[in-house]
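Chain naming follows the written order as A, B, C and D, and within any one chain the residues start at number 1.
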Amino acid sequence: MAAIQINLISGRTIQQGVSMENGKEKLAYRDACGILELDDAEFKRLGCFKNTNVRVTSEFGSVVVKAIGATQGPHPGLGWIPMGPWANAVVDPNTYSTGMPTFKGTPVTVDVAEDEVVLDSIALITEECL
Amino acid sequence: MTEYLIKNGFVYDPILGINGDKVDVAVKDGKMVDAGDVAKPTIIDAAGMTVMAAGVDVHAHVAGPKVNVGRNFRPEDKLFRGVAGTGKKRMEGGFSVPTVLRTAYLYARMGFGFSMEAAMPPLYARHTHEEIRDTPIIDQGALPVFGNNWFVLEYLKENEVENTAAYIAWLLNQTKGFGVKCVNPGGTESWGWGMNCETVDDVVPYFDVTPRQIVSGLIAADEYLGLPHCMHVHGNSLGEPGNYEITLDTLKIAEDYKPNNDFGREVVLHNTHLQFHCYGGESYASKSFESKSKEVVEYVNSVDNISYDLGVVTLDETTTMTADGPFEHHLSHMNNLKWANTDVELETGSGIVPFIYNPKTFIAGAQWAVGLECGLFIKDPMRAYITTDAPNAGPLCRYPRVYKWLMSVKARDDMLDNTLKYGDKVRERCYIGELDREISLYELAMMTRAGPAKTLGLGHMFGSLKPGLEGDVAIYPYNPETDTDDPEKIEYAFGNSAYLIKGGRMIVKEGEIVDMGNKRTFWVDAKVNENPMVERDIAEKFRRYYTVTQNNYTVEGPHYVPNPYVIEVDATR
Amino acid sequence: MAKIVTDVVCPFCGTLCDDLEVALSDDGKEILEVYNACTIGATKFLHSQAKDRLTRPQMKQEDGSWKEVTYDEAVEYTANLLVDAKKPLMYGWSSTSCPAQGVGSEIGEEVGACMDNTATVCHGSTLIAVQDVGVPSATLGEIANRADRVVFWGCNPAHAHPRHMSRYSIFPRGFFTGKGSKSRKMFVVDPRRTDTAKMADVHLQLEQGHDYELLSAIRVAIRGEALPDVVAGIPKDQIYEVADTLKSGRFSVIFFGMGVTHSLGKNHNIDIAIAVTRDLNDYTKAAIVPMRGHYNVTGSGQVWGWQFGFPFCLDLTRGFARYNPGDSSSNDLLIRDEVDAVFVLGSDPGAHFPVGSVKKIAQLPSVCIDPHITPTSAVSKLHVPVAFVGVEVGGCAYRMDNVPIETRKVVEPPEGMLTDEEFLQKVLTRVRELKGAA
Amino acid sequence: MAKVTLTPTQTPTLFLEAENITPDVFAGKSAAEIAALHAFIGKTTVTLGEYFTIEGAGGETAADTTIVINGDVSRVKYIGMKMTAGEVIVNGSADMYVGGWMSGGKITVNGDIDAFAGLGMTGGELIVNGNAGNYLGAAYRGDWRGMQGGEIRVSGNAGSDVGTFMRGGTIIVGGNIDVHVGTHMEGGTIIVKGDAKTRVGGQMVKGTIYVYGDIDVMMPGFQYRNDVDLEVDGEEGHFALYEGDMGERHSKRKGEVIYGQLYMKY
């Protein structure tokens, strides 16, 4: 099982919106946003099945999410994590002095992490910040 | 409530015929009273100072969506210009487009008590009222724009004045508006397709109606309703060389109409910022451009049912903003600066572009001259009001500078000889050089208070010190006997009122703003006969073409108009 | 017989749908059903009724546990936090009403705060671009009634603004667009084959992060100049074709979202999209509209605009307003250790800021005013739950096209709960007392 | 030439706003008077004396006043802001707005500087013996008048948005440069002696950009014209001339369209 490099982007999904309004402390929010969407080709390179937990690492941080098949693909070379604390654990915070972090276009490494768990948002943020 | 007795000042009140006499002026329970009617008044010694009723602004863009675009998209207009709050005053910011707080403080410093927001897009009425609510001290009203409104275009194509009137009455009530504003009639709707109406007889695409029909019909509807204010128009082809003929065509439409109202208003058409509409020639080049202010104002002098305001160019870097969408697009191509535009569904549009009136160019100097000429050719100053179409021709804070130019040949010559690069060309292509008239303080009171109050239909409340009117008095540190030597004293005095009493409350005391007053929002509630057809049309348009529901269109509730002053008009037949 | 409330305004996204109908129980206390809303909007209304909802402020204890406190204690902590700080950051302001934003502005002015709203991580790039080059725009009704060329650039309304296409942009049969979607040509520019892209006549699947180059190429094509064979992964023939189609329309509109505001170049991507719109106006009519996220982020920019002159990134510390994203922007202030206290209302930076910024919030004295339990409340010292604006209290909100709409109160908040405006009023009063004493 | 030496005595808890550190303000003041000058930390007002030991005194005018800062001032903003004459030497690194809106005189920073240096600069010299941040010689938000005159010389690398809305003057970057160089440029000269990334000359109306190293992605609106030999910044070089941005408006001179010029060194 090899680690792969991809370009990470993030943004809204309807499931992210619904689960967010249902309560970010709930597991449904984790299940909607604690994911990484990849093309089939990437799963081949990664050498694992869909719905496997993976660790996503950038020079800015690292987070465990569940890798699933692209729902709005294909998008060759791109990985997608819905906006939320999981994506924000690894995105490029550089604002280029505009105030806006570079939420889209962060080079990340993905490797399989079957034995690691995807934390809920509160546990994740607490672990990282407190 | 405190009583005030103002003694020893030089008083100017054209309504009472007081021309610089030292008479006592008294305020009690928020109203003007006879000097004898105050028992234990606070005495204000106005010795060596000028006393007038508080100023009334007939046309300024100080609140609403396009004004706020002007603020938000011009941080550079505020750079290094922030003023910290002190006492009751909050922080101020902005030069050409001041924050609402600064707007209120500027008006207070200039001795004004009322300001009419010149253009309110009906769909954005809530926004306009939120800004008016947050602008302390001064009373304000707002004019919804009608000149490109689909209901109006459809009714006036068929010359249905009664239906137009019914719709106007409904809209004034829905938006808490004050009167009828008409900007580039037909042109802004045409702009929905990137086109324009350049003369009063151009046809509006699809709607098949002309600016002439729109202006004529809106005057008819305004007088049908008997509104306090007359139809307030910004005509076609603003700012275009040679547009004075279009202006005359527009003005002449008023010949068919007589005023019909219970407010003492004698005009049926107010042409705003006339300066922008008095151009001759074919280009802005000094060999072609020429002033036609004389021709236009002579026509106004020849009739009795038209008023106008000047829109004097103050030669500053400012921000232009108007519901005349196609004009702003045109302007953005002239100076290549940033351009904002908002077309408003079924109703109107607007554009905003920063602009530098550079005294080193001929055209800016000529525009400066034309504006002043509009103030100097008038025979009856009760029908010509001093404005800068703030901020279009110049920032609000420049009013006192305009007074200086109008009141002093010396000040004008100084501009022509020392500030303008092409002063001689300006003398040549404009009338400014021939004019030795100097506006007197008595005339100034007409052009800044008595006149605008009358044309707004508010002569029974503002513009004079007559007992019974609102207790609004401004006192300026200007001595008409000794301060005539230096025109700069005019500019200083009228920008730094020593006292302002508004609604009987002391707002400015010894030059300091000490009270936020009791700000009111004026709107007009016109009663008309039941009109099922218009009601049906309104419901239909909301169901099919508006993106808000009819029930969510109405401006109501204390959030928007916490302290209303409603003028009721009965137009039922 | 359930009671139906009509013309309800949805307090979720910038689309600000105002045609919702809400069915209430006979006593008017409970929301039974929400009609016309998208699934996110409906969820927002229904979740407000959650039984496990927090109804009283809580303070974090030494051991990390939470202890319920009174609103008065919460006001006391908040007021002192703001007054004691040398440079407090007051962030959020998007999921609340303009009246609340107005009171917040007065507090910010009193305590000399840096104030910022969620535009800072959403359409702040757009606000900067508009300051640089302006914005030719139109209300959404103009689009519905006139537009025959519709571009969605780096936005995915099918997910982020679910009713946008049906209400405004693609499907409505407008005054001059009687054939609805058949009257319009739909373009989507996105590096992913999004659900919106799947509906489009043309999908330009560009290389991520090269929006600026592609928009620049479209400008070149509009002027009929020569192009390289491929730009941002799109062949030049297709670029010329798109340029011609947009020029040939009667009314072209570009909607754009975080695909451009978040990608390399930020404000420049918007700047040049606006330039394209400006260019198109030399050939036809064209407008550009940002797909604003929070339902009232636009409103907070408006309120600050008329009170201070700037739409976000306000620095009020010196007693007058200053503005410069990159200096006075939340993430820069936090990462650079420029602030010493954090106040959050109507937003969730804990979930939506890069984790490095969230760590700073966790290290500072902080208060979070939010009906929900969120990652922000989790790292804050004090969490103050308030009534849901647009559900339990009304107030003005501004749609993505700046159209102001009065949100409606549908049900009462739980017994004894304050609205955010009420809470802010108490804080403002207390702040003035503290300052008077000082 | 009178000299005032400032030595930092403590690092500010937050950031120090010290727009008073200019020859214009120091001129005619004694060490004690300078020590009493205000600076700001958030909402609090402090004095320069609380953060620096001050030796020497200002000259009669700004022109004959030199300010030397010995030490790290990387948490101090606005050094040399709006200065019209005289000299500032920083032996250490400085934060944002160094030489912002300066119109004359000379600033030398022997260290790194952060963003917004030389913002809206109209004259004078800004020398950075180190790296510079973003928005070097750019325009303040919303203004279409960026750097209009003077010279900025950076020996190291520079950040993004260098010379945005530049109207005049010269910016020389010895090292590499980040994205967006000379965006909306309408005059002046930018010389990049290292590599550039992308977005060089985007929306460029007029002016000149030289790049000695590579450009990752060339803007599509630039077209190759011809090769030329030029002397740039005192050295000969063989360059390929590109003109653009073809997507942008351009003025004409004698019927000739004036484009922005981008010279790539071979």
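The criterion applied here is as follows: a contact is a pair of C-beta atoms (placed from the backbone, for glycine too) under 8 Å apart; a residue touches a chain by one contact, two chains touch by 3 or more.
Not measured: the values here are computed from a predicted model.
A.B. asks: Tell me which chains count as touching both chain A and chain C.
C.D. replies: Of all the chains present, those in contact with both chain A and chain C are D.
A.B. asks: Need the central chain here, defined by C-alpha centroid distance to the all-chain C-alpha centroid.
C.D. replies: C
A.B. asks: Could you see whether B-C or A-D has the larger number of C-beta contact pairs?
C.D. replies: The greater number of contacts lies at B-C.
A.B. asks: Just curious, how far off is chain D from chain C if you go by their C-alpha centres, in Å?
C.D. replies: Roughly 34 Å, centre to centre.
A.B. asks: How many angstrom lie between the CA centroids of chain A and chain D, rounded to a whole number?
C.D. replies: Going by mean C-alpha positions, chain A sits 39 Å from chain D.
A.B. asks: Please work out the Cα centroid separation of chain B and chain D, and write it as a whole number of Å.
C.D. replies: Centre-to-centre distance between chain B and chain D: 44 Å.
A.B. asks: Counting only residues that touch at least two other chains, what does the list for chain A look like?
C.D. replies: 96-97
A.B. asks: Do you know which chain D residues sit against two or more other chains?
C.D. replies: 115-116, 134-135, 140-142, 144, 179 - these are the residues of chain D that touch more than one other chain.
A.B. asks: If you look at chain C, which of its residues touch at least two other chains?
C.D. replies: 128, 131-132, 264, 318-319, 323-327
A.B. asks: Select the category (line, ring, star, complete, other) that matches the graph of chains linked by touching.
C.D. replies: other
A.B. asks: Which pairs of chains touch each other in this structure?
C.D. replies: A-C, A-D, B-C, B-D, C-D
A.B. asks: Can you name the residues of chain C that touch chain D in the complex?
C.D. replies: Those in contact with chain D are residues 85-87, 111-112, 128, 131-132, 210, 212-213, 216-220, 222-223, 225-228, 231, 264-265, 268, 271-272, 275, 279, 317-319, 323-327, 336-340.
A.B. asks: In the complex formed with chain B, which residues of chain D make contact?
C.D. replies: For chain D paired with chain B, touching residues are 140-144, 249.
A.B. asks: Which bits of chain D are touching chain A when the two form their complex?
C.D. replies: Listed in rising order, the residues of chain D that touch chain A are 115-116, 133-135, 159-161, 178-179.
A.B. asks: Under the touch definition given earlier, write down the residues of chain B that touch chain C in their complex.
C.D. replies: For chain B paired with chain C, touching residues are 63, 65, 67-68, 71-75, 77-78, 82-85, 90-94, 97, 99-101, 123-124, 126-127, 130-131, 134, 191-194, 206, 329, 332, 337-346, 349, 352-353, 544-549, 551-552, 557, 559-560.
A.B. asks: List the residues on chain A that touch chain D in their complex, please.
C.D. replies: 96-97
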